[in-house]
């Protein structure tokens, strides 16, 4: 129910076209979607620099293209996750600014370049195989309007590579730390900084890594208290959480 | 190695008391703990309103008392988690401001009441059995100098209790959401707000809740993108992460 | 917002005490708890013969007694699950009709004896160790106003005991089937009847029963298509679902 | 043993063609399949509007076609689950009314359009990826002779979409609720209605959804008491259970 | 329905006291428990040297005593598993031959000493902590009338102890092999003999033995083809299976 | 060390060519493979009607053909499991009696048709999808020289199909029972017979069957005491165990 | 068969008291326990500085005392794991050198102080709660005659504590690294040294540590290649492996 | 920071080109990778006969070739794991000594043939399907400069094959034992030798082997105390650990 509809009910009542009981009934069944706070999907995007997001996994190429086509008239940024080069090509025809990120298989259409964050978000990853997930976080953050620094291939078995960049780590306002295998990197990074760390386990590993379970458990049991965790391989979710923190 | 020590080596070399090779050796074996950034445990506490924390679980009463006694000369706030009334009594003799929170079994000694956060942290919990974990988060946040609002017993099977407090929810700068059983509350709350949500699964539940695993998986798989998760029953960790976010 | 409040806003607007914009604002922030359909907790109970329910597990004796005391002024039936004889004794002092069921550890206060169901609900259990769960379902159903028939100790390794009661099984309008160990009973019963079967796995078993997981998986994978499952040991939930079906 | 056979034994005994001992022996070894109540597979179908069902998974195309060919002479409805367009084409040649549902990969041959249910069954699903499972439930219900309403894409992170259809939800006599990821939708829907909810977890999800285990556990641990659960992705089973309930 | 009852129906029909239709009805509803083959619980025991068995776990002392008291008038052997010395004392008062086996917590009343097996059953166990389970198998076998040989403490890390008894191993007609920890003993024994091996995993072990899961998996994956497995700690079941084999 | 070698050492000692100490040393290091009892792989086959077995899974076609070629000079039966039609074709060229069983993907070369068993082994399976595993057991048993009866598609949701064949079931000396999904069939069959039942879980199922884990747990927790279990889909192992039992 | 027995057979043959065939038979059935290499349990201990070990868990006090009493006449060192102060007191009466280690609940009787290792074994642990396991490794190593250095409370969230002791770490010939929670310490230590690391996961942790499973998986998936793992809480096993390495 | 750089800072300070404060700052931010002990990746390789290692899994062919090309100028040995014949061909063009091991899919470039170990490393495997993992260990060891003996196809169900090689087993200084299925071989081998055993579970197996979990648990629970475990299928890691031990 829009404010206009509310007004028309009020007016109908005032002028006697609607009895009080009928007016009461109309308000009692007030559709929820018109309440401001619940309109999160749509309104929040506009005000907050959230990109419009299409989860590409499990959708046909045609479905993804059609959804994006419907989004283009609004001037928001658009992010398509887990898509492919063919969709990318078709979307570039619709909107030349569409850019496909091969490693993360994400496609971003950035039209609003307003900076939303107050500082830098640092994305750290343990091994080269973790890069697709790390870069999904990076693309997500950039599409949301954040400044990103990244530090790749700094696994815990070669600490010096990490320690050497202590300065850069400590400059971040929030960090996304991505790791597979034993998932120990967020604990180590968490001990080096005094800001929130969003940890992303990846499905990278062999044998008893069980598709990321080992890394997930490692991160949930982190002995560093400033670590919170998102789902396995969920670079997008980590980017959103880190972006929301950086926007504060 | 303190700056003073570095200076004394430099001076010894310049004045010839130390050969170049010996000076090189001294720097090569430079003890790490003196590097500023690595001194996280100690320095970070002082500067940042972190409480000194003692994990009570698995320690004897005597051990807890001795550790706290050693901390008291510094003027930091002190938080002891998972302790008991007997320890609380002994600590109150050492420091009358010690306050034991029965439900969360946490003890707080708050001497520095500086407000560290920029907004309010909202702690939401699903059922009354989740209260011990929710209150551990509250005590942690208060000891860190944050303003906390709380909303208890608003499980997803009775949505109206939650929806009715939409206004308060949306005023929070960051939320801690605590739930056992199916762990759905963070998804629902995450959909109602546009700020980060720190989700805490609890071990509350029957049968196939498997000591909190059902809630943990529910939260990791949240369809709301602004949710990050800490370990089962880890109210303390959720409080620390939320506090760090609110301090930004 | 009660109908009265809605009326008073309408009246204030009609008489000019409230501008249209202010009236619109009042309706837009309409508190949700007043919407009829969301008031499930309270209204649904009154109209539908649902008992008021107190989950006793994890609550202190005092808490349970206080909650029940607050419920007594309404004339609903009351069900307390997983409680104990001491609480039962105290509740009998408040309300002489309180009756404690030792095996299921449930306490029922039945004041409204209106029959809510249209037929009989049959509760079947596999072994004597499954009785506490089966009887929790029975007490739940009786407190909700249903007629219950029960058939105990008819495990699948002694089929004749079950087959002999085919007539009674087929008279039920809905069945609750309770089993631990391999949890095969709902499949067998499901094949003998043409009505819905609510299956309850129990934690009864040895070794690789894993606290009811074996029975739970057995029931979820039932080759009988008329079987739906509730949580391990959840006799209460099975009773509620079966009761709602029988009420249709 | 048909009544005719029983009669012929009785007659043979009465006329002396069979000794008493031989007659006793004949009855003692009475084949079970002739007992009315055990002939569920066949008789139940005829009387109750159950479709004949062929589980397509794991069968060759030829096997499915042959089984359906054998079913056609009876005038029942026929449902083939998890089949493919090639089988569909071949079956359409046998019976022009065969209709293939692409998303659910189910094929229905509806010849008997008698309405079996007393009300509407509502099928609700959380995300677009859950549609194949939701539609398997819909096709199953329609083939069984039920009126179905459906509500798709109403996940718990966007509650307003669900709450807005409160009226339609509450009109259903029984609901099937389909969800992957955290599987929270049945808890929320269960809290909004006062009738049975059949929950179907789907294998939709990423990382720690573990092929539907997260959703399954979420549903089994639902804090709403009117929820019962079927196997992961088992839209067919949910349809059968809901149909049996609606037929009561 | 006993043969006598069948005869009386036949007679009533022949003499005209019962119409054919009524006789048919009587036979159609023939109670199953009277069919010989389904009366396994009772008849099988009598004919086959099976003991009457009472599973003591989860029963009160009084319940166990009452059940045994009801069994005593028959002259079968009686086996009570997982009971305690107090019950044993009470049973000895009822029947002086009752003998309690402390380690296995089994009580046997052996009155019929007929040898049921054709050869020797060998019970082998890996460690001293596996003895309670091994001895439950021994007592079960002895109560069933089998000759038992046993070989204890012959774990695979000290092969010579096992190999030295090759002669005795190869004399057994069937073996029960009991092991916890890695559960490797049945594989090794299975390779040394050419008869069936019934493997029993025990819950003995530390850390990642997970209450017998490691041993259970080890046995299910045995590279020896003559090994079949029963539930964790199920010495009774292993004894029954081995006894049935030895009786052939 | 062959008997010949032993003799030659003895002779060398007697004639003085070997000192006593050297002779002692020779015997102390006696190679184990010559000891009769340990030569199980080879000798056992010859004497006992065991087929020579080649596990086809994980071997190249060439490897399988070469291994079988090496076996052919002996006159044993040969069984190749989990192979394919191309290997079958090549083996038929080597030995025309080679017969490929398509459903079980087993190839048998039966040259010795001596009956090894004393009775009939019954192979029972629950659904048509379980047939490949059931038939692997059948082929194994036939290659070992056993008489096999089989009973397919008698799942527990349609008990009458099973009960009707009670006579045949009870004629078997040992049974192999194969089932996927909830794996309840061995419990039901176990209750109907008084001989050993070898249960084989299959990986047949949907969703929470977890590749046969549900069936496996169901069988391990069987309430029938005469059931022992082999690995998931291990028709071969079940055949071997049942054959060894039937040979006694 | 002892060398003496071998000699007597040889002699009997040479002097004609034993035929060649009988002598061959005697050697063919040669009991294995007399073969040198298989007598590992006993001989290995004597030669190699292995302590005699009694696993105290699951044994009664009396059993432990009796086993140790039987060991005392030999002059080996004795180690009793997981015992208690009462047993310790009784053993001190038998042998005054018995020393009970309270934290690890191990008792050592060290009589042979020969140094068996060639270098130092370093035992590192992450948290104070890991100390019982770490000290079990230390006591095991000391009883085996090794020089031990230890470094406690150097968890990965406070790296500087560890890095500061780089010198001592790199002096060890082999390291035992003990950690609970995320179990990341062995990866970090493994990256700092160039010798073997024996990792011990502990059951220390909360929530999703699952009794040490998280740490175990973390260690098995270590990105450092020089790490091998023993069972959860198995300080004894780690000590033995490290000791055997250091003895080389 | 190399010694040269340290010297240049010292010199700049001595000659006044750098103030003391600037010099202090330079040393305080000393890059860690230049510290000797932390330079594990690079320096350790040179001194210790470690090969340069490229993990081929998850890398494109081009990436592997480029990394190896960059390594060739140094004279170290190079090991590429989990690669393929096409990469092998391309690398042979760069360096004719490159040798591809088909079964293990490892490629080795051995240019430095210095023997690094002090004794022989024995690699033992249970079945032929375990060979790829066993040979990965062998290639790793050879590339590290160790002498390797190997013993294949000695599973525990045919002990004599293993026992017969007791002499060779006991000559090894350290053993790598590879097994799938029940993973019992390391326990048996561990009991026959008095040196460290590095156990490698493989993913070889059927059904309830769960991709190597059964073997992994078997090895972690080994009753032989001299066994430590690496990840499933991790032949490389086992080779590295065994090589480091043999180098001591």
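Note that the chains are named A, B, C, D, E, F, G and H in the order they appear, and that numbering of residues resets to 1 at the start of each chain.
Throughout what follows, contacts are C-beta pairs under 8 Å (C-beta built on N, C-alpha and C of every residue); 3 or more make two chains touch, one makes a residue touch a chain.
The structure presented is a predicted model; accordingly, all values stated were derived computationally and were not measured.
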item	value
Chain pair with the higher count of C-beta pairs in contact (E-H, C-E)	E-H
Distance-maximising chain from subunit B - centres being C-alpha averages	F
Identity of the chain that, by mean CA position, is farthest from subunit A	E
Option reproducing the contacts of A-H, where over half of them reappear, out of D-F, F-G or D-E	D-F
For subunit C paired with subunit F, centre-to-centre distance based on mean C-alpha positions, whole Å	50
Between subunit B and subunit G, centroid-to-centroid distance (C-alpha), Å	39
Geometric centre distance via CA averages, subunit B-subunit A, whole Å	25
Numbers and ranges of subunit A residues touching at least 2 other chains	35, 38, 40, 158-159, 163, 167, 191-192, 206-209, 213, 216, 220-221, 231-232
Chain pairs in mutual contact under the definition given at the outset	A-B, A-C, A-D, A-G, A-H, B-C, B-D, B-G, B-H, C-D, C-E, C-F, D-E, D-F, E-F, E-G, E-H, F-G, F-H, G-H
Subunit F - residues contacting subunit E, complex	37-38, 40, 44, 48, 50, 53, 118, 163, 166-167, 170, 173-174, 191-192, 194-196, 198, 216, 220-221, 225-232, 236-238, 240-241, 244-246, 248
In the complex with subunit A, residue positions of subunit H that touch it	29, 31-33, 35, 38-41, 57-59, 201, 203, 211-213, 216, 231-234
Contact footprint of subunit D on subunit B as seen in their complex	126-127, 155-159, 163, 181-184, 187-188, 190-192, 205-210, 213-215, 217-225
Footprint of subunit A on subunit D - complex, ascending	128-129, 158-161, 163-164, 166-167, 204, 206-209
Contact set on subunit E toward subunit D in their complex	3, 6-7, 10-11, 13-14, 20, 23-24, 27-28, 30, 35-36
